[in-house]
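What follows is a set of structures to go through.
In the two assemblies presented below, subunit A is common to both, partnered first by subunit B and then by subunit C.
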Partner chain A sequence: MGETQMVTLTIEGRKVSVASGTSILEAAKAAGVLVPHYCYHPGLPVAGVCRMCLVEVEKAPKLAPACASAVAEGQVVHVHSEKALEARKGVLEFLLINHPLDCPICDQAGECELQDYTYREGRSEGRLQEPKRFNPMEDFGGDVLYVTNRCILCTRCVRFMDDVAGEPVLNVSERGDRAIIGKFEGADLTHAWAGNVIDLCPVGALVSKDFLNKARAWELDRTPSICPNCTQGCNSIVETRDNFVVRTRARPNDEVNKYYMCDHGRLNYRWMNEQNRLEAPLVRQGERLVAADWSTAVDHAAKLLNGKRAVVLASPMLSNESLWMLSKLIRKTGGLGLFTVETGPEAPLLGVPDLALRAERAANVRGAEMFGFERSSSPLDGIQSGDVLVIADVGGMPLEIDPSALARASASIVIGTTLPEDARSATVVLPVTNVTEEEGTFTNVHGRVQRYLQARAAPGMARPAWWALGDLLEAMGDAAGYFLASEVFTALAGASPEFAGMSYESLGLKGARLQGSRQPAETTG
Partner chain B sequence: MTPPGGETGSVHSPAHAPHGAAGHSNEESYQPVLLGGVRDELNRILERYPTKMAALLPALWLVQDARGWVSEHSMAEVAQALELTPAYVKGVVTFYTMYHQHPVGRYFVQVCTTSPCMACGAEDTVAALLRHTGCGELGSTSPDGKFTVIEVECLGACGFATPIMINEEFVESVTPDKVSTILAQLR
Partner chain C sequence: MGFPHAIHAREEAVLSRHFGDSNALSLDGWKQRGGYKALEMALGMEPAAIVNVLKESGLRGRGGAGFPTGLKWSFMKPGDGKPHYLCCNADESEPGTFKDREIMRWTPHALIEGCAIGSYAIGAETCFIYIRGEFSEPLRAVGNALGEAYDAGVLGANAMGTGKTVNIYIHKGAGAYICGEETALMNSIEGRRGNPRIKPPFPAVAGLFGQPTTINNVETLAAVPQILVNGAEWYKKFCLSNPKSTGTKLFSVCGNIAKPGNYEVVLGFPFKDFLYEMCGGPLPGRKFKAIVPGGASVPIQTPEEAEATLMDYEGFVAQGSMLGSGGVIVFDDSQCMVKLIGRFARFFAHESCAQCTQCREGTAWVTKILERIEAGGGTMQDLDTLLELSENMTGKTICVLSDSCAAPIVSGIKKFRHEFEAHITGKRCPLRSRSVA
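== the complex of A and B ==
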């Protein structure tokens, strides 16, 4: 690899230096200028078919498509010159010839690039007298519905299936004004990552069947998060409406998931809205579990643990913070920590190295291992007479509790989002938040520590598990617990050599790698 | 995913059969077309091109010559033979109007109705063709399965209006009164 040569050019009066070979569109992005575009997407091969990115280059005979034109030294580019605007206005008018303008019933409305650019640069009124072309909708299989009339034929979906998914089932069928996105009979969009074509579609032509007519884009609250559904840790956006998760989408991160997220992760969000939740701490009084305040319940739990060994069965869906607090409890009581994890078939995305729906379907298996929890298929076998069983369950682990194991334990404490049927005999129950109701960090399969933020209000009196555990340890004689996830992170980073040099702030929203872990996706060398 | 061209998955949704589902019903028992002499011919064609992909158009002509039209099963068969995807082959077939995506009559009649021919009475010629063949309307096949009549843009014989093409044969200066004689020679 030779030295990259830098090229300096002027875009909208701003000087910018970029590597030679960069497109004008990307150079403009670097200069803070958005060149309107439809077919161009940084994750896909350049097609140059939509003509929306036409810009004026001084001394060039005609307008240039910014996505397919490489920068040249000393170039002067005008994105918003009269000539460029006039050309793009023409492109928009052509795109709207057969577009149904059904924005009031279109899911994409409010996040539609056809709307946005028409509002900015298009004609204020149409001139078309003739009837519009009509084609019926088509179910593409998987989660994808094709609303043919809205399509602008940018071919992002075709290129994604060809070049990224490696399962080329889409094409452009017919030609001219009859052209539509076609699919070969019997070949549905059932690829594990096919749902990404919905995100990639710049208009409302490819829409999610799951999200269909559920909400308008402007009603949604969007929160940066991490997909908790496997160990890959794809960066995601959790979209809520009235405190309910209604959609999750990919959040770009070049180091992890590029622009993509698999269908399993995307659609497996209903458990986050579960209504059957624990809303108050419970303490056993004879046959019954009775609601109590936090301090009563925590004090009770502390008494149960006094002088006993804690056998902790932890969900690998817990945050690093909560797992670290659990590991402190284990150390303090001389106990042991175990976990089990749900599994399913692995499904890689061919076009992106080291990106796959992982077999282990929980976010923080790496974190659990790091903090000393042992993988076990029969975790309750280790319970000895007199031990206290602590079940910390926020999902992601198959839970089958053998009554005989439970009988050996002197007591059991459930720290969970729900009370599992098998654990109804618990002595103390502490209600905790799930991934959408708290903030914290996960460590992914490649050792990348990534933050997620709180997207919804917690139900009732539920608290993050690290908070409940801090109070519990305090009641058992430790120093005071923590009030913020960032405080717990600072403490655990100080205590764990793998986290050296990391701070909650420096993680940002893209995460950072643990000491000594190499991102396998790196191919430089 | 159902493998394209397999025994299942041959149900055609309306969106994929813009010309109506006529002729699709007997596809359940699809017989491969690229066998014997047709396969030999394909192999000869392949020798002419640097890549298999380059032979797609002639390969499709070959299928159309053998079967009269190009079904989705045939597209899948061609795709396999040329190491392409069925979706790609379908994109090509639907791009060109000369490949028939549904069965047509034994004689495929294309009538020029571009401006000069129109001025010389092409519309009457079309009407006469539709009447004498029994097709009824443009694009549909006569009940005896012998004829399909369509309009085309300029056939390049403006001096001999109205030209028609019957399969590969060119007939010039067709007027309504000549239609029955021309058709009689075919029957």
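== the complex of A and C ==
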């Protein structure tokens, strides 16, 4: 590849320099100007069909579609000139004549680009006197429902299935204003990544069956997160309504998941709202586990561990911070750390290199390995007489506790979100938060360390595991624990050479790769 | 379709000389009439030399756009290491146009020869003739002729024994008007939905299968052999008005006129003489009301404009319309202009590929409005709406189907506003009897 040539042009009075070959639409983005558009999406091939992004280019005879027009040196582009506004007003009117205007019952309302641009640039009233065209809804399979009448035929969904998923299931059927998105005969939208068409749809035509009628867009709180459901670490947005997770969606990150998230990750969120949660620390008194305050429970656990080897069975869904604290406990007691992980079939997204629903269905397998935990299919076999079993479980690990292994241990401590049936013989139980109730970092399959933020309040007295462990280590004679995830991260980064040069701040919301980790294949536009 | 008419004294039968002569259909018959001399000559020439002859002749595309053929061919760079393609656009679907059909019915070898010369001139070894699916007889004629040409070694890996490769294939369309748009045609050949592509890139850069491609109309290619044999000077002399418009052109005439049919005249011929003398003028007791000179996509002319027109690319523009495909549709005073324009719009609404918003929604919407006006339910406001919608449908889409739908509406309202107003104020079509049968 030769050197990139830069082209300088003026958009809405702002000078901007971009690489030659860039579209006017992307150049405008770089200049901080949004050109309204529907069919254009940076992750999909250019279609140039909605004609919404028409802009005026000085000296050009016709308005130019900004998505399909390359920049030229010295160009002067007007996005909001009268001519361009008139043209876009015309497009909006055409798009709305057959649209049912059923915003009050549409899931997309509030996050709908048809609404947004109509408010900004559209006509205030319609001129169509004839009846609107009608087409019935169709179940596209998977999680996708097609509300035909709302469709603007931008073909983003068709292009996603053709060019990104590599499984052409959708097409444009019929011609003229009878045209609709159709499904090839016998095919269904059951591809593992098909749910992305819902995110891609700029209007309410493709909606999620799972989210149907659950909440209005403006009622949702949105939190940047990392999908915990496999080792890929897709960047996600956790959407909550009144402390319930009601939807998770992809958050763009070119280095990891582009704009996408698989259906498994997207729909596997109900466990985040589990109602059978531990809400207070529990300490065994004879036959019963009795609620206690944190210091009582932590002191009790510290006593149990005194002079004993801790055999830690850790969930690979724990944060780097919590796993690091556990590794400190293991070192201190001369114990060992083990993990198991749930698995399932791998499902790649063909159009994006190094992106797949990974076989290992937990977010931080890489982190667990990095902090010295060993993968084991029978983790309890290593328990020797007198050991203390520590089960740190926030999900993602199949847990079958053999009573005989438990009997060998002198005591068991559960640091968990729930107390599973076969762990009820625990001596001390410490309630901790799940991924949506704390902040922290995960390390993905490619060694990328990424932060997630807290999306909902923790139940009862539950604390992040790293916090509970800090207190426990303090009770066992270590220095004082931590109050912030960032403090734990700073400490672990200082102690682990792979994290050299990283700070919690610099990770930002896009993350950073570990020292010496494999770089995912270069992607080309 | 009846037998072609006897050639009128003022016609210049270059392409249509053998129309109706069934002996011209066979390879032997065609050779007896001077066929394949041009191809033999061409295969012995440098491709660039052929292109120069075409440039010199002034031949312009006969499909509607009128782009200079030699210039188009010169965009192709033989020897650039890429496969080149020639496409022949035989998807003649423009309402009122049936000239290519006659060329293929009667002189299929003229087309094949033109295709072979064109392929060689642009460095293509493969040519696709995309024939409209409804054209059963032309398909048969060109198919037979192609078989003969291959059997006789005119085409193939050793065309006419020169060692050069020229392969021609027929691709049958499936009934979509839009597949006559050059890039939609290419998508259709590739097996995709016939949607026009965004330009640039133009076909000469990335056309069929992403390779450099030239696409020409049937009439254009059929004229090539004669130009090559008789020389550019000979062809250039066919010019009655503007020197930028040379050669002869077939006009298909239909509608309310005494002698409909295909007529070949030298460009620049007076349209008035053409309509009244050659085509016999209006039917007895009738007057011309409107003339669509170049297929349904061009603006409508009034009889006054038509009578002042010289029939070439510039002449039609000067009188408010376009030469287009040469499909002359004539309407007399028994016809309702609102109904006619509504019918045109319905055609475009039916044929819109549905890609661009303005076209998909606009063509259907204007049809609804026009049909409501025709039925007596229109308002004066509708006329403004129609003009505004037409403006929004013009010059804003990938191809010109949307523009083509708007052109007759705008010209119709401008030139026949009184008829629209009569429908609106009278709440019915003034030409229709009040009693419903």
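Note that the second predicted complex is superposed on the first by the 522 of 525 C-alpha atoms of A that agree within 3 Å, B and C clash if a C-alpha of one lies under 4 Å from a C-alpha of the other, contacts with A are read in each partner's own complex, and residues count from 1 in each chain.
Throughout what follows, a residue touches a chain if its C-beta (ideal position, glycine included) is under 8 Å from a C-beta of that chain, and two chains touch if they have at least 3 such contacts.
Since this is a predicted model, take the numbers as computed values, not measurements.
Trainee: Determine, under the contact definition given at the top, whether A:54 touches first (subunit B), second (subunit C), both, or neither.
Mentor: second
Trainee: Who does A:183 touch here: subunit B (first), subunit C (second), both, or neither?
Mentor: Once the two structures are laid over each other on A, A:183 reaches subunit B alone.
Trainee: Between subunit B (first) and subunit C (second), which does A:113 come into contact with in this model arrangement: first, second, both, or neither?
Mentor: After superposing on A, A:113 lies clear of both subunit B and subunit C.
Trainee: Applying the document's definition of touch, where does A:68 land relative to subunit B and subunit C: first, second, both, or neither?
Mentor: Touch partner of A:68: subunit C, not subunit B.
Trainee: Between subunit B and subunit C, which makes contact with more of the residues in subunit A?
Mentor: If we count touched residues of subunit A for both partners, the winner is C.
Trainee: Pick one for A:163: touches subunit B only (first), subunit C only (second), both, or neither.
Mentor: neither
Trainee: Mind working out whether A:98 is in touch with subunit B, subunit C, both or neither, as first, second, both or neither?
Mentor: Second partner only, subunit C.
Trainee: Per the contact definition in the header, classify A:175: touching subunit B only (first), subunit C only (second), both, or neither.
Mentor: It touches subunit B and subunit C both.
Trainee: Who does A:136 touch here: subunit B (first), subunit C (second), both, or neither?
Mentor: After superposition on chain A, A:136 lies in contact with subunit B alone.
Trainee: Thinking of the overlay built on chain A, is A:87 touched by subunit B (first), by subunit C (second), by both, or by neither?
Mentor: second
Trainee: Which subunit A residues are contacted by subunit C in one complex and by subunit B in the other?
Mentor: Of subunit A, residues 171-172, 174-175 contact subunit B in one complex and subunit C in the other.
Trainee: In their complex, what parts of subunit C are in touch with subunit A?
Mentor: The contact residues of subunit C facing subunit A are 176, 178, 193, 198, 349-358, 360-365, 368-369, 372, 385, 388-389, 391-392, 395-398.
Trainee: Help me check something: in the complex, which residues belonging to subunit B touch subunit A?
Mentor: So the residues of subunit B in touch with subunit A come to 1-6, 8-16, 72, 75-76, 85-88, 90-91, 94-95.
Trainee: In the complex of these two chains, what residues of subunit A are touching subunit C?
Mentor: Listed in rising order, the residues are 46-52, 54, 62-63, 65, 68, 86-87, 90-91, 93-95, 97-98, 127-130, 133, 152-153, 171-172, 174-179.
Trainee: If you look only at subunit A, which of its residues touch subunit B in the complex?
Mentor: 135-136, 138, 148, 167-175, 182-188, 190
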